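All remarks here apply to the structure that follows.
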């Protein structure tokens, strides 16, 4: 099982690529990512795209509801790698 | 001992040459004797001595050209202490305290003391104003916003309403040519560097544009709620086993429906300039992209009416990414024939937009939301968007606007036709 | 025609006074030449050396209320008329304590209290002014004389002829004094005037006029005195031509190509001061001690005027517009 | 090597003697041009070369000899009349304006007056008010005459021959401060046609329009401005009537800002005419009011510090430019 912590750092880096001005430290990991960081559907799709490329994990549209916070997204990826 | 110096015979004499000495060291001289002849540009002039005494040394040779005031001989005054003979010891050249009534230095030598100080050149309020000193404040139209003729001329050429621009950089806030040039470059192609550049300039440009639009264009507004379920269902089927990069977002479908419909409604797709309307034969769909740090840019998707869904999706994705990294091309930002304004998932139910001159219509898309909806007299739920149309009443009217919205809605119900 | 100057009684004390007046002008002008070569005096400088007898002689005929117009070669007239040497020197140094606040320089010395209406840099420029002032005196029934000095060069100007005609036409109380020194700057009288006797030009307009030896201060004084008496009696304008010579160039920057040096030397031997000095010494009226005392007094006055000029202030630039227009009489 | 450079005064003399050698009808007439060698030593030596028949010293009768020059031109000669300075030309204004400028038109194009009048002009030598005038604009006001202001040694060398070829009267103003200027010996191509203005220094931010004696000060100001990152264009008018408006408008349309540097008094000056022209023809390209740096409206005073305060100086031109460009004046 990949170390959860380093995976979280990876996800944060990918988010920063999309939203460079995002303030990751003060982000509550359980809060709704798209709401907190003002990511629109295009941003979110680009994020999933880079996660698929970096981790090989492909989040189908049907599972969008399961990955709406930093914590749930990281755990979702960790279980499927 | 008195030093004799090269004499000045006139204001425009800078140098003199001793052509002939009439005396040699040891010779006695008395006041008025001619002791040498000096060559000047006007010819030979006699040099006289002004005191009785004895020549001690000659400091300058014949033929030697010297500046005024340079020592040329030394004179031992007759009985040095003889009071009536030695004139008051005029401190020789370079005496500090004697005021320089006028050394023959070049005219533009700006001695600090006497450089003219125009700020206080008229402190004494002479009863009669000799110089026409019209204070700038005297002009009556101080309240009217000021603009230089060159700036106003340029503003009118560019169709910029300079009255809306903020303070100029000229005197009393007058608008100058540079101010107009900045306002112009800034509203025409807000290249990324302008994004990175001062944000207030971008704000000024948006301000200028929307103000002009609100003032010049008689907007009318229409709105229609459209059921999106068919489109969404088709999309989830289509995207089901595709990686994120190949998936199609609902916006692409909506934009495609709008573009195809507009190609059949020329009164909503073109330019209104200098009092007459010019419809465009192709639909360059302006996509209003909000930038993460604030501000807005409109990038045109060229010939959107001919693009398939996949192509359109790629176009939109590419533009948004490039816009956010400042890579938009000039052409993309200037020639949109109509614009779509979309606040995205966290927007409001609906949005009434302001048309971008010289366009004549703008479509606003509210957020997707699930609402109660009556189908065959039975209340159930549906995912809808409210689509608004703001159009220029000089060019079109509500009836054709309504037909436009209804046609878009009809296409959204059969997304598969848009592929 | 020569005026018999024996009628004019000249006391010895008066002769000594005339001598001192001329010597005072001579030494002043020599010092100005020196100050000019040291760039203390700027602009143009026209020296009166050699012509002292004319100014000193004519001034003896004037009362305090009489008016004087001079030319740019005016230091002698100003000093002979009684202007303070301090003020004249300060004016040439461009100081605000000068006779014209330092604004005029050597060519524009004014002192209305002494009724000295200044030099004028434009040849013959002052003649119409003098005629006008005489007209004003006549209109106001003032029994004052206006004296107008000018060089023989001025007779070539139209203003000379217009002024003499008006003066005679209106019978104005004016004495024209022509200092004929033979050269208008670089042009000799011989090559510029068809009629070289200036007094004959005046006679052609009907003025009482004759010529005198400008080097003889006594002859000048007596002729001027008689003409002023005529004028005060209302017998109309006169013109006195004084034949004289300037021992220096027209101005400081003059190579004097236009005249021969032996001509200059010849006139120097007939100089006005030397002539009177020899006469006084021959008659035992001027001992070497008295001469030294006069020279010392003159040197002191000159040095004191230079010190005054040196320590005086220049005018403040903020006063530049002062005097462009006057206060309107409320 | 001496013959590599030429002074402004020598350039004028060569031009005169060249003209006289090439054309028998040309002669030089004026005050002290012969024996004295010219008040500014321009004609020194010409009397020896051409003799008294063609180098003519005149009495001090400006109206007389200028009128005579006009008459000689009518009679088939090509006179060069030297009026010592513009200050004395006032006595000849009637002849120049009512005869020279008017005869051709008034006679129904029968009588031309092919004449060149040369005058010194301007201040800077502490000669006080009567000897420091800049009145080029008086003559540039009058239709029927042309007015030139050679500011460089090249113009001094070659403008005269162009003026002599002109069928109408041409007045050549030589600023007194230029006579000592020297430059590399000019070639004919260094002197464009006399009617053309000349951009002496190209620039983009502001046009400095000037002529004659003010050119060197204006160029100096332009180099000062260059140090502050301002690129000033200096236009030398050269011809004051008729004005080369094409060059003027082209420059102002480019830079959008203009200052005229003119030693005349501002009211009714040449600078006013240029501002009016620019306001009429370049209005829509003006980004700042057309401005002027002229002499203060006072008679020019004698002391150097007041003369400088009264006449345009480099610092004022720089300051005016900075103000026009909205830059704070250091």
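Going by the order they are written in, the chains are A, B, C and D; count residues from 1 in each one.
Please note the rule applied: a residue touches a chain if its C-beta (ideal position, glycine included) is under 8 Å from a C-beta of that chain, and two chains touch if they have at least 3 such contacts.
This one's a predicted model, so the numbers in the text were calculated from it and none came from an experiment.
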From chain B, the most remote chain by mean C-alpha position: C
Chain occupying the most central position, where position means C-alpha average: D
Distance from chain C to chain B - Cα centre to Cα centre, in angstrom: 68
Centroid distance [mean C-alpha coordinates] between chain D and chain B, Å: 40
Centroid spacing, where centroids are CA-atom means, of chain A and chain C in whole angstrom: 109
Euclidean distance of C-alpha centroids - chain C vs chain D, Å: 37
Sequence positions of chain B contacting 2 or more other chains: 11, 42-43, 101-102, 114, 116, 121, 130-131
Per-residue multi-chain contacts in chain C, two or more chains: 42-43, 94-95, 255, 257, 314, 317, 320-321, 324
Touching two or more other chains - residues of chain D: 37, 125-127, 296-298, 303-305, 309-310
Inter-chain touch pairs (all): A-B, B-C, B-D, C-D
Interface residues, chain B side, partner chain D - complex: 11-12, 14, 41-43, 100-102, 107-108, 110-111, 113-116, 118, 121, 130-132, 148-151, 153, 169-171, 176-177
Partner chain A, residues of chain B touching it in the complex: 235-236, 239-241, 243-245, 247, 249-251, 292-293, 316-317, 320-321, 344-346
Partner chain B, residues of chain D touching it in the complex: 9, 37, 41, 44, 124-127, 176-177, 179-180, 216-217, 220, 256, 266-267, 283-288, 296-298, 303-305, 308-310, 313-316, 319, 326
Contacting residues of chain B [partner chain C, same complex]: 5, 7-11, 13, 31-32, 40, 42-45, 47-48, 50, 68-69, 83-84, 87-88, 90, 93, 97-99, 101-104, 114, 116-117, 120-124, 126-128, 130-131
Chain C residues within the chain B interface of the complex: 30-31, 33-34, 36-43, 93-95, 249, 251-255, 257, 292, 295-296, 299, 302-303, 306-307, 310, 314, 317-322, 324-325, 327-328
